[in-house]
Structures are given as C-alpha cells and as structure tokens.
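Chains here go by letter, A, B, C, D and E, matching the order in which they are written, and residues are numbered from 1 within each.
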C-alpha cells in the first residue's frame, strides 16, 4: 500500500515536473522578450545616480507660501473623489457580485465582466469628454468619469475577493431557507468586507491623485496644481504639494486602518 | 561619432506625432549625418527638458513655451524652426463662439462677460492661454477669472466641442487645431464662429544642447536648412504638414518671453498675499525686465524687418 | 406513514473516487435516525445531498425527495421555494458560522427563511425573534455569550451556536452532522435530549450522524450505516450487533475487494424498514 | 438569566444606536459638503444625453487601417508593463509583509507603511524625471517609474489581504518549530495567494493602460497613440485603439481567471 | 523525575471574562495526562498558553515552563529557539491545516523545524522525509489521500492529517486538543493507541484533551480537570469518581458563586502528584 502510494507520488511529481519545467521555460522566454522591449539596462541607474541627486536637490527646500491654497485644492479634490468613489462603490457591489463565478452562472458573469473590462479599458479621457458634452465643463464631469472607471476597477477587485471566500458560512445561511440575497448579506459580506473596504479606500486615494481627468475637464484640484508647478519648473512648490498629498494619503491610510479594524 | 544622435520629439499643441510619420524623415537624417538617429516621442516636455539638462538627449523639437524652458534651464539653443506646408511662418490663436451666438467681436464679449461662460486654455498653452491672455484681456484691462460668470480651463479639443455644443459661450482655440477639426469633424467646425485672430505666433523651434560638438552642430544645421527642396523630401515632410525648415535663434522666443513676463506681472499684481512694498518691488523688477525685452525686440526689428516679429503690433 | 426523505440510487464521485454508491433508503415522518459509519465513509456527503448542497453524478439515476418535493434527480438540482427550504434544518460538522458576526446574529439568522424579505435584508429582527434566539441559546447553555464574536468561541460553544441556529429555524426535518463531536458528556446528553424532545413532542423528523455508538443506541431506534460509500446496514439499531459494528469500522483502509468480501462474511447488508 | 441577557442586549444596542446615529450624521454632512464641491447636478446628465450620443457616434465605425501598428504598440506596452509589474511584485512582497500589523511590530510596520504611502503619493512624473536623468529617455525610465509607484500600491493591497487572513494555519505551522519565514510560506501565502495574484494582475492591466508616464518619457506604447489620436480628433482611430485595449484587457482577465483558479 | 511542564498561577482574561484563574500544576517526563472539563472551561486556552500561542494577563504572576525553558512569565512571551520549539508538538482542535495545500504538504510541514533553512523555505523535502510523512499517514489510515487538497477532506480525515503532522515532528512533548472528537470509534481507538505507544515506547510526554471520559479512563493514569477556568481536580484518574464527574460537568451555565459552593460540596479539588 505504502509503496503504491509513494510510487503514485513519484509518477505525479514526474508529470508535474514536466509541466513545471515548461512553465518556467515559457516564463523565461517571455521575460527575455519583455526585457528587450522595455530596454532594461539596470547598470545605467547606478552609473548616473548623481544626476538623480542633483535633480532631487531642486525640490528642497519646499516653499510654504501658498500652503493654504494647496490645502484648499486638496479639499476640492477630496470632495470630487468622495462622490466619484462612493457612486462607484454603490455600482461595483452589484456588478462585482454578478461577475463572481461562485454566485452567478457564466451567462451572467461573463457579460458583466466584459462590461466591466470595457469600463476600465476605455480611457477616462473619453468618458470625460462624453460627460463634458452632457453636463458641461467642471468638476461634475470629472466626478462622473472617475465614477465609471472606478466602477470597472472595483467590480473586478470585489468579485475576485468574493471568489476567494470560504463557502461554509454561505451554506450555513442557505440551509435556513434564506434567499440568495440574505445569504450574501449574512454569509458573504462579513467575509469580504475588510477587503472591500481596503480596495475602496485605495481607489479613493488614487482618485485623489488622479489629476489627468480632472485637469482635462477643468475640474481643478490638487492634481492639476501639482502638474502645473512641475511643468513650470517650480519644484520647490511641487515639493510642498507632494507633502500635502503625502499627509492626506497618510491620514487616509490611518483612517482606513481603523475602519478596517472594526471589521476584521 | 558612433554614439547615436538622440532626438526628443514632443507633441506640441500644433501637431500630433506618430512614429510612422516621422520615420522617413529620420531615416534621411540618419543617412545624411552618418549616425543612427534615435527618436523619443514624448507627450510632455518636462522629462525631455530634464533629459537635455543632463545630456541625455542631443536635440529636440519643442513648442515655443517649452523651448524657452529648455534654453533657460537645460542649456539648449534654438537653431531652426519649421515652416508650415502652406508656407505660413507660424500659426494664430483664435477666440471662438457658437455659430448661433449673437456676439461677433471681442468688444461684444467683454461687454457681456458677466453673463458668459469662458473656456480658457491650459495655462501652459501658448495659443490657448498666453496669447489671448495678453491681447484680449490684459490689453483691455480685464481679468478673465473675475469678469466672466464662469471661467474654466481645458484643452483645445474640449473647448471647441463644448462651444459647438453650446455649453460654453466663448473659448480660445488656434488655427492648427481648427484645420484639423475641419478635416475630421466638418460638422462641428461648421458650428464655430471665429471672432478674433491673434498676431502670428512663430512656428515650433528645433533646439540642440549647446555643448554639442561644433562639427555635429554644423552638420545638423546643414541638414535641416537644406531639407525640403526635392520632391521626395517634400513628400516626406507632407504628412508632418511642413514644407521645410528656416534658420532661427533664441531671439525667436522674445515675444513669448514678453507674454510670459506679462503673465507673471499680472499674477503679482493680483496676489493679495504680498504686502504692498514687496509687491511694488516685484512689479518694478518685472517692469524693468519687460523694458529690457522691449528694447531688444526693437533693436532686432530694426536690424531685420522680419515676419516673425509681426506679433508685436 | 409518508416518506419524509426518500433516496434512490444515489451516486457521487469526486474525480475517480466514488464517495457514494447506489445509496437508497426512506425515512418516515417522526423518525429519529442515526447515520453511522467510519470516517470518510460518506456521511456528510450524503447529508449534503439531502439538503441540496451537493449534486449527485450527472449520468446517475440518483433521485432525492424530501418533504414531498424533489430535491434532485439525475444530478440536477430542482429549485425549491424559500418556504420549502425553510422546512429543512441542517447542523454542519464544521459549524459554518459567520466568524465575524456575534453569536446572537448567527442564531438570529435561523429566522431569515421565515421573515418578510425587507426585514431579512436589513437585518431588522423583532423583539419576539430575539427572545426566541435567546431561548435557543439558553437551551444549549450559552446565553451568556450572545454578544461574543463567533470566531472567539471554544469548539463546543461554536457547535452549540450551530445547534441553536437550527432550533430557531423550527424546521420539520433536521439533518445534524455530528452535533455532539466537540461537546463534553453532559452537554452532549443535553443536546441529544433536545433532539429527542423535539422529535417526540413536536413530531420532527431527525437524521443525526454520530460517532459514539453508545449514544446512538441510547437515543435512536433506527440506524443507517455507510461503509466506503455503500449502504452497509439499514434497520433497527438493535440489529447492529457488536460483530457487525466491528466489521463496519474495521479495515477502513482496505481496498474495495477485500471490503466487499468482509461485508459478506460478517454482516450481509440488511434493508429493513425502520 | 435570560432577562438579564436581553437587558444587556437592549442596553448595548441603545449605546450602539447613539454612535451609529452620530456616524450617519457625520456621513451626511460630509457627503453634502462634497456634493457642493463636486458641483453634482445629475439632472443635466439626462437633459443632455443626446449630446453624448452625438459624440459617441463620432467614434463609429472604427477604422482598421493601422491595426497592425496598434497591435505592435500594444505589445510594446505589455513588455514594459511586464517588467514594471514584476519588479513591483518582487518588492511588494517583503514590503507588504513588513507593513502588516499581524506580522511586524508597529515600529516596523508604521515606517514601512509611510514609505509605501510616499511611493504612491509622489507623482509618477517626478519618478519618471528622476529616472530619465539617470537612464535617459525611453521605456526603461518609464518601467522604473511604474515599478516604484506599483510597489507602493501592491504593498498596501498585499498587506491588507494579509491582515484579513485567518491565524489558524499560521499557528499550525508555528508549533512545528518552523521559523517565521516558513510560517509565512506555508501558512500565510496559500491563503493570500489568490488575492495577491488578482491584485497583481489588476495592476499589470492598469500599467498597460498607463499612458501618462510612458508618454511623458518617450517610452511609447499604445497609451501614447490613444492620447494623440484623441487630441487629433481622429476618433475613429481612437475607437480602434480602444478595441485593441479592450481585447487585451479581456484576454488578460481570462488568463487571470485561469491562473487564480489554480490557487483557489 | 523532572518536571517537563510546569505552570504557576496562570491567569487569563478575555475582556471581563476570566478564562483561566490561578492555574498551577506540573507534568513529569513520560506522563500521559488527560485534560478534561466542560465545554468552555478553558482547556484549549490553557494548552495554547503552554505552547506560547497565547499570553497570560499582564499583571499576573503567571509562569509557564516547558522542557526546561521559560515559555512565558508575567504575561510576557520569552523567545525560544527553533530547536526548542520543535520539541513541542500541538494538535489543534480546529486542525489548523492549510486548506489549499495537499494532505502530503500539510504533513511534511511537520519537518520544517528540523530542516536546514534553505530547504525549508524552498519546500525541498528529501525522499526520506517524504517516506516518513507517508508512514505517518499510513499510521492514521489515510495514506491514499496524500494528494487530496486538505479542504476537501472529511472531518475525521482532517483530524488525522493534523495528527500525522504532529507525529512527523517527533516532538518530545505533545499537546493534543481533542484529537479524537471527529473520529469513529475504531479510528479513535487507533489514535489513542498511537499516542499510548509513543508515550510508552518512546517516552514522550503527552497532554491530551478528551470529552469521552471512558476513553480517558482507559488510556490515561492522571487527569487534570478544569471547571470555569479553575483547576478542579488534579490526580489519578481513578480519583475522578462518578460523583466528582457529575459535579464537574453539571451546571455549566451556573454563575460563579454557586459553582464554587458546588465544588466544595461534592469534590474538593485534589492536587495529587501523578
């Protein structure tokens, strides 16, 4: 019996070794191909590290003259990001659940996934333009563009968290005669909540930093200022703005920690 | 030299770059100079200028504003400028309104500003922001940020589309973008009415780093200035919408510098956070620099009554 | 006497491993049946098929009927109304509690099947429902832990929460998968007595998996025994003689052929009516 | 006994109700404040939906003349994204573990977290410029900039997945006398692997879409083309590019599904 | 006779709930001790303190020593070398397997403490280690499942994987938390016999939590009983008379005062040497 079993192991690991080897070979080829495409040349980085130091020196010392202004702009960005993210979370919950293959059959989850793929793949600028022609220039158009893109991202991340859950607690609810929705509310959500909160807060944070869309539609905000001081070579101002952003991101990370702690 | 020549190409407001459009020209350049030419197509100038500063690129094609930064900060020097396909030595900034708009000139607009929404350009745009800012607003002593019911900043495309759709009453634009819009979206272009056209804005310059070997410089100058004569070369330049190159130097930037200084002066004047004496001092300083610029420009005008200075009216 | 649970030719394989083979039996209203068998013999798998959590093999002629409705046939689940599902309770071997929710919420969940939809979804339980949950917790002796998070409980406490949840559900049929495995003798006796009482007094039908044969003997009149996925015995518990039990549990690791011989030698499967 | 317990419940829920109410009140105020800042005006969206349709119509039919070129560019972007993401994953694993508060003490996890916050908060253009002055213009500088930013993002998401895990399996390893690292390899990684894979693939995908950095440093790729066709009003070309991106993202999503399936 | 495990004045509270109060005892080399008590009495909590997975209360004078080294003192864990930790094995009540890994890997993990670091981290197990893991699996009767994923096992199979892992570790002291809860009578007997054999033949010290008192009586000579977090009995198993056992398990839900009276009335705690 034992020898049979250990034979079985060896045979299996023989087969496994083959596929593993093939897998590694493919990986090496792909990485080599990508190495060329990305024109990787790590040595340069060390040879010319001095240049980086010189450039970095341009950023110090930060000038705090316009700090008030930047804080105001930070607040504007936060306002926009709040609604862009909140709407996205509200939509990503149903879409995320519908694109999880442990909750929805393939003829639902596949189309929903493709829709979400499109929301992510289509450039935010395109959405921004679409919304600009409907609601005019301004932060609202930016909010909407952020919302659509963020929905695509969150739905994907939400659904992958759902697929990684343990089926036990949901089965525990199912057998009480509860409906599908109750099963999700009481069996699934408690499991995924910490992760959902953490990816939502991450997207909130990255929406705060997303200057591009907002700048494009005249939405304003800190990202636009950052961009402009950088393009204007006012690096000491840039440094101040970055500090404001770092502080905001840090505070957010701390809030995020505390919120998540309540659910872990 | 065996080192390839590194050529930075920025999408400026007056062009789009496609590697494929550039390739034949770059091949010719490589043949003529006998070195490999390595192009870098970048969408923003900041990194390209820094690269020039640390000798990571040898020459670059910039917009006027970015060329000024390259000259001031990265040891760059202008040696040529492009000549448009229609022979125009540059392009023009525009103010546009909707076809159905009751307003027909800048005075109408300024008179009714408090009722209107204004789509201003990106603050770094020469034709979308700097030029109209100076000629339309500063010269008329109007602050666009306060005069209009609402002022927004966006890029040319968005501004044009929102005016065509009637969401913005008046916006800045330029002739190059207009030409492209007429080809790609004749219906949208037809919705627009031009109510103001600026003086000529010099076309985009070519800049090399000053510390390039003299021999390379000579070869480059020779190649660019001599290009565009044969039919083959014309065919190569056609998709780039040029007919050739003209010699130029850092003085090409003088009008831009003037506008830039004027913008700074306006900012200082409007800055309430400065106390009166500091403000006075800064303004005086800026005025002095403006004067110096004016003198240089006059001197240059006198020397060569050239088209490119037509901006200063 | 109506058949509350009826199973016909149930086959289930996991990959090449046959977990259940040609299982068939009937259970009638008001019975308290124990399901026994060595570890890995397919008891949990069988119970999961009865409640519709697992599907039998596709090509099989498997048919499961519970409370007058088809649960599955030929490996296809047949949809059940909420009301019908509410009538079957299940106590999981691994408890399947929502670890981050409180004990109280885990028990209240037993009401979900019987609540109006909007209240269920918003988690608004009435005072009456709460009182009932507390009574169930009291019955299993852990009312004092109502606010503790389920994942901080001791093993026996979790098991009792799972039992309280099933009690609250007031199901007509209860499938209990080793409900006393983690309990001390006294709690185990209490739980078995609760099951016996709701079986006798309220006429509920109960199928309970047990490893402790003496407990099974004390509380159940009928036993169904599985061995390596096959029905090994089905009849009065008294018929499970020591010899039969020994054959049932022995050679758990033997390969099929020998096991089959063993069956014939020691204890030919009986299919008695309970 | 029972009445005591139910009294306890009522008292608790009374206290809870207060804090809950306060929480909601704060949320409503913040949302109202943000509503103003974002200049939300949903009605506009419906009034002018026609404009959106008109603009959207400009994007059809896509022109496939330059499809080959776009596919080439897509491949370039993928090459860059592969290395940018791979390096980020390699660095995010240790940083992510070190910033998880169930693995590292606060005096390690806090500084590491702040470092990662900075990696995310500092604009990619700043990193791009730093690397340009060292390694010159081109895809390599873009790869490095993507790498630093992505490390910040992944370390955060990795560590939050780690904090949401079950301690059981790790304890199971710990008592065998295994070291901390073995505990992580055998007890923790199997739990978080599906989520780590899914967030890594998400970042890979979003790096493919990140035109900004690559465009800025002359790195090329599909994002730059997208940008430029849009600026040139060549919307039918834009549509083609977006289709290429959607197809790539969809393929990636499917690969991602299959890879993750092996670990769930 | 040296004390392999020595516990002094161990106190542990969860919030306001005192899970362990003033626990003290010694266990000597080669003993096979059972730890019994009602569900929730603190058995698992106590074992976790012995192996250093939980810390006693900060203000307490708690002191735990195992295998001649301090595990914790006054609520502070004292670091142990890998070698020392390897010498203690633990079988968890909830198994604590890595659900996504195979049975084989879950068992091989028992070697980690004794392997060179680089092999441990890269998971390169030698043939000898694999053979040893297979032998352990064979001993618990599930060698055929070596390649199955741990989270698809039946309850009893998981439990046996957890036991095999501890066997592979070849620890000098084994703490087993209800190792037979989910096992059928025969497997349970086999597991207890394995524990007995390694206790007798290899001289390993074993502490095992059991709910089935008859099993405890058959295999162990000494019993430690907990009730509501207090040491209720410590002495020869024969001293656990039926009256004492009844008092031990009764009134699990009673509040403290009454429980203490009960202790005095029926069975004053004994602190005999085992």
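The rule is simple: contacts are C-beta pairs under 8 Å (C-beta built on N, C-alpha and C of every residue); 3 or more make two chains touch, one makes a residue touch a chain.
All of these numbers come straight from a predicted model, not from anything done at the bench.
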{"item": "For chain C, the least number of touch steps when starting out from chain B", "value": "2"}
{"item": "Pair exhibiting more inter-chain C-beta contacts, A-C or A-B", "value": "A-C"}
{"item": "Far-end chain from chain C, centres as C-alpha averages", "value": "B"}
{"item": "Inter-centroid spacing, chain E versus chain A (mean Cα positions, whole Å)", "value": "44"}
{"item": "Intercentroid distance (Cα basis), chain D paired with chain B, Å", "value": "36"}
{"item": "Chain B and chain E, separation of their C-alpha mean positions in angstrom", "value": "79"}
{"item": "Chain E, residues touching no fewer than two other chains", "value": "94, 138, 143-144, 253"}
{"item": "Chain A residues counted as touching two or more neighbouring chains", "value": "1, 48, 51, 54-55, 129, 133, 136, 138, 230, 264"}
{"item": "Junction residues of chain B, two or more chains touched", "value": "44, 46, 50, 54, 155, 157, 161, 165"}
{"item": "Residues of chain C touching chain A in the complex", "value": "51, 53, 82-90, 92, 94-101, 105, 109-114, 117, 120-121, 123, 162, 165, 169, 253"}
{"item": "Complex interface listing, chain D residues touching chain A", "value": "30-31, 33-41, 44-45, 47-49, 51-52, 54-56, 75-76, 78-80, 82-84, 86, 101, 113-114, 117-118, 120-123, 125-126, 129-131, 133-136, 138-140, 143-144, 153, 156-157, 160-161, 163-164, 194-195, 198-199, 202, 205-206, 209, 211-212, 226-227, 230, 238, 242, 245-246, 248-250, 253, 257, 260, 264"}
{"item": "Residue numbers on chain C that touch chain E, as the complex places them", "value": "14, 36-40, 43-45, 93-94, 138, 141-144, 152-157, 159-160, 178, 181-188, 211-213, 245, 249-250, 252-253"}
{"item": "In the complex with chain C, residue positions of chain A that touch it", "value": "1, 168-169, 171-179, 181-182, 185-187, 190-191, 193, 263-264"}
{"item": "Contact set on chain B toward chain A in their complex", "value": "44-46, 50, 54, 69, 73, 117, 119, 123-124, 152-155, 157-158, 161-162, 165, 167-168, 273"}
